[in-house]
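After this come two complexes, each holding chain A, first together with chain B and then together with chain C.
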Partner chain A sequence: MTGAESGQVTWGATELFVSHGRTVALRGVSLSAPAGQVTAVVGGDGAGKTTLLRCMAGSLAPGSGTVRRPPKERSGYFPASSGIYEDLTVAENLDFRANGYGLPRQVGRDRAAEYLERAGLSAASGRLAGQLSGGMRQKLAVIAAMLHHPDLLVLDEPTTGVDPVSRSGLWWLIARAAAEGCAVVLATTYLDEAERCTAVLVLDEGTELVSGSPEQIVAAMPGVLRAVPFKPEGEAAARAWRRAGRWRRWDPLSGQDTDQAPVGRGGVITPDLQDAVTVAALARQVGQDSDPGPAVLAGQHQGGAA
Partner chain B sequence: MWAMIVKEFRQLRRDRRTLAMMIVMPVILLVVLGYAASFDVKTVTVAVSGPQASVVAGLLRSPSFDITQIAPGQGRTWAQDRLRDGNDQMAVVTGGTKPLVLIDGSQLFAARAALTYLAALEHRFSGAPGAAGGGTGSGLPVTPKVVILYNPGLTTSDIMIPGLCGVVLVFVGTIITSLGVVRERQSGTLEQLAVMPLRPRDVFLGKIVPYFAVATVDLAIVLAVGVAIFGVPFRGSPAAFALGALMFLFVTLGIGVLISSVSQNQGQAIQLAFMTLLPQVLLSGLIFPLSSIAAGVRWIAYLLPLTYFNEISRGIMLRAEPIASLWQPFVFLAVLGAVVVTGATLRFRAYLAPAGRERGRKAAPVTQGAAA
Partner chain C sequence: MTSLAGCAEVTKQFGDFTAVRDVSLLVQPGEIVGLLGANGAGKTTLIRMLLGLIGTSRGRVELFGEPPSRQTRSRLGYVPQGLGLYDDMTPAENMQFSAAIFGTGAVGALPEALGRYAADLVGSLPLGVQRRVAFAQALAHRPDLLILDEPTSGVDPLGRARLWETIAEAADGGAGVLVTTHYMEEAQECGRLVIMADGRVVAEGTSAQIVGSGHVVRVDAESWSKAFGALERAGLQVALAGRGLRVPGADPGAVRAALGDLPATVRQVPATLEERFFELTAQSEAA
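Entry: the complex of A and B
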């Protein structure tokens, strides 16, 4: 707690194994969440994002591995179910949280008012949370999770299903928490959102696919990526996917070959994070078996409020 | 329509509890009601006191009367105490010009049966004078003086309302509480509670105190209406009654929390709550006298908290039974309460604190796990 203000504390998890019955949800996943930064956990449905976040928030004990997190009163959690009481008003929900975390009455009220104002929810403060639109409810849930200025804020897909305007409102709140020295861990299926985070951990079927800063992940992409107008034929079809009306084709070449195919020649392009993550998933698939299948990452998303 | 039927059967097959209830419930109801649903009291328990106690006991001895005590050295006070404490349903005091028959009106069906059997006995004596002890010179008159205590009019509301207090408490305690707790699970807010710095005990108590308050108000209303409108007497100690109600409420709230902890949604909670409510209404002695319930089913009655609360509320309200003679139901309620509340707290804790090892309000960062 002491180091949080100075941004030196790093929360996180090491070598987590979690199984739900016979299903293994996490296999040796590690995460590092430095104070003052936003760390994204990316992955498709069933990749293990929620399990990892629940371990970070303390609502699930890992089978093995260690979790390093602040004590309960210094953590904030936005569960996948949002944790908001639909039959309480916006103000009553925040009041309950402020009380539960032992905030002095006036402090809780002032903070709630400020966050609601910045998130454009002031007018809704007397409305029942169940009557709010999806985006408004998500914003309320994020405010509720960060009201007590936690050292670690764990957000499970706060922006899923939210319109672009509300998403930017949510990102304002998230950036605000990080600026105050909070370590934010955020699960998302949107890679354009992950791109704006300091660090990204991509999960695939309970294991780490890639991790690092978005730049590092892009730089580490093996092989060559081309943008081609048509779907490639033959064996290369398994390494191609459609994006923005064109086709991406990835060729797992050696580093030397890459030099021979510079950007701009033969359709070779510079990958972005989404390309790099898709390639990582493909590379794993190709490595595991030669059976062509759909792109692994389910949550590929374009546009939105980047 | 076929599509609808197929879909419905598929859903029904997944919802095993509903299916089980649809099949098992009628069978249980049939068996329980078949054995339990009887207002007939075949044997009335009788205590006899006074100088001619043995003689009278001999006269009374029949399948209809079960003589429990013969006390020639005792008088009316003793006999009345036997009734007040619920030991016997009828008492005969000899020694006066006429034997005095005291009947406990708070046991409505037993009292009615006692009157019927007495009348039959009188008829027998008047039909055959001197046949039984008439010539012994003891001067036994054939028409005793009959006094019905506690509920002289033998009105149904007098015995129903003390029991209904219990039903109201079961309703609020079990059904409403289980719904309230399971709602947290269904809406996903339980996970939020689990990570907040609240101890499981805080959550448990915080969750049940409001229901406790509402149930108390409910109880007060039922009592007030019963006394004011239906003229039900309240003769005993309000403090003893309050203690009994408190203990009973504790048990029912605990059952409510237990039910919610094994239910995934409100529908399941309602089903389970009704499955605990129904036997309590049918078997606790609220409607059918306990002694009329077949022994094979009666043991269930002794597992139900309402059985004990009924004894307490009727005893205190109608007969002014002192707490000392009610120690048995109080002890059983306490035992049931301890078992149920311990179970509920443990279940609740397991479900609130999956992280387990972390408790209290440590200020230090938590490192959790290992054991790889």
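Entry: the complex of A and C
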């Protein structure tokens, strides 16, 4: 790789532990966020995404572990606590922010104009921020967070609740920031969004479930995956799930058995990221419910990158 | 067979603004219909008319074969995006309250896995658990028609798969399901999709039928950021995809030319549902 994605600098976190009162929010989570790449932090509500992102943005100190991040003025964070002023227009908000970042007036205005245009927000530049729709507001907040070309951009669920048209504008902004050499860390609950990122960290109850590039996570899936027309009966039912009107059944086979189950035979299919993450969650559940044996856990931690 | 919910050439105007134009839609027993559209496409207005919460300007709406009324509403189950639970009551109290409202007498049982939360206040529960309580509550009176708004928002992938199993079980039991969502992962779970743009239905069918033979150009460059810059300068619409880029609505030759001498492979790949959705919405805006 060359240019922005050569990743001269890698921001990140190592072995973070964070507690909120008696609740442990993060248990030994590590993340790496190379310059010029988009790294996704994925998980359901309560998985620990926001806690990790707040540590990365410097707005929360971990109980233990280390965070590598640029100085505050070289970071951008969404949602920024004092982010957007509802009684200022879109343009005034960005002017104000550019001034706060110490950008020369014309540079700030030129950047703002370009980002607004590409994110489909130009027509709204004279509108009060308080009158924007949810998606427009999210786009404005992301533009405000990246106006000063930060080294690290931390985005906490920028696309949640946003319609696909606004989402496309947001993704353009994200790609643009990374193309300019910024390390982008983005939280999402959706794996089709994670699939667009260079690396993915999946969190579950404050711990790492899997991590790596989407391809690595898929390659590291233990056992074999089958597409079956009906929900399996018996204990296999717990290892099956419905997807797009059909059923997936995961079999935690050992390495040798896996060799005898090639793709295409007996309904065996090649998993995608959504399948691989679902399997990792199942493997953890099976592991908790009973003694899984070594086969179930094999391959779970081969992800690597994060 | 009578449809559970249906409307024929329905139009709704608010003053000079037409929110829904000539929309026809049927939900049959046992089917899961996904309603997709950008904000302002008319989805919410359509659903409010189907439920009888607002009247139509033109056209006819039927719920269970008759005009919507308080009576027909008792055969509905609804999970709004905000879940509609009372935070200061326990899951069991929420279920009792809902049963009393529907007048069904029978209080639905909480799923076994939620038993340990029975005595906690809903407001103190994790959102994923709250969502399952909302589902249990909406399904308790065995509704004939389920209306769900982004039903698995904020849920982890395995939890999402389990919630979809619950939805599919209701459909297999004969209920019709109407789902609105912004997420294509959810849309893929629906048997049939209806896409709205600018108040109209612009596409209808299975996900595969809607995507059809649509293609986009995929670029895998040695440096995606340089490729991104080059395609941008050429005025092409570029989207990030892992270590590669996707360029919808462009010709591979034009993409190749825009890349100049940057080392990259350029090929046509099938479009995704989201890309097709975007194209349909843009076409509708341009028209």
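Just so we're on the same page, the second predicted complex is superposed on the first by the 278 of 306 C-alpha atoms of A that agree within 3 Å, B and C clash if a C-alpha of one lies under 4 Å from a C-alpha of the other, contacts with A are read in each partner's own complex, and residues count from 1 in each chain.
The rule is simple: a contact is a pair of C-beta atoms (placed from the backbone, for glycine too) under 8 Å apart; a residue touches a chain by one contact, two chains touch by 3 or more.
Since the structure is predicted, the reported quantities are computational estimates derived from the model, not experimental observations.
Asker: Quick check on the superposed pair: does A:20 touch chain B, chain C, both, or neither? Answer first, second, both or neither.
Answerer: neither
Asker: With both complexes superposed on chain A, which partner does A:84 reach: first (chain B), second (chain C), both or neither?
Answerer: First partner only.
Asker: Should A:59 be classified as contacting the first partner (chain B), the second (chain C), both, or neither?
Answerer: The first partner, chain B, only.
Asker: Regarding the shared-chain residue A:68, is it in contact with chain B (first), chain C (second), both, or neither?
Answerer: In the superposed model, A:68 contacts chain B only, not chain C.
Asker: Check whether A:101 is in contact with chain B, with chain C, with both or with neither, and answer first, second, both or neither.
Answerer: Once the two structures are laid over each other on A, A:101 reaches chain B alone.
Asker: Between chain B and chain C, point out the one touching more chain A residues.
Answerer: C
Asker: Let me test your reading of the model: by the given contact rule, A:285 touches which partner, first (chain B), second (chain C), both or neither?
Answerer: It touches chain C, and chain B stays clear.
Asker: Of the residues on chain A, which ones does chain B touch that chain C also touches?
Answerer: 1.
Asker: Can you list the chain A residues touching chain C in their complex?
Answerer: 1-5, 36, 38, 43-47, 133-135, 160-168, 171-172, 174-176, 178-181, 189-192, 195-198, 204, 213-215, 241-245, 274, 277-278, 281-282, 285
Asker: Touching chain A in the complex: which residues of chain B?
Answerer: 187-189, 191-192, 194-198, 354-358, 361-372
Asker: In the complex formed with chain A, which residues of chain C make contact?
Answerer: Answer in residue numbers: 36-39, 81, 126-128, 150, 153-159, 161-162, 164-165, 168, 182-185, 188-189, 191, 207, 222-226, 228-229, 238-243, 274, 277-278, 281.
Asker: In their shared complex, at which residues does chain A touch chain B?
Answerer: 1, 9, 11, 15-17, 54, 57-62, 64-73, 75, 77, 79-86, 97, 100-102
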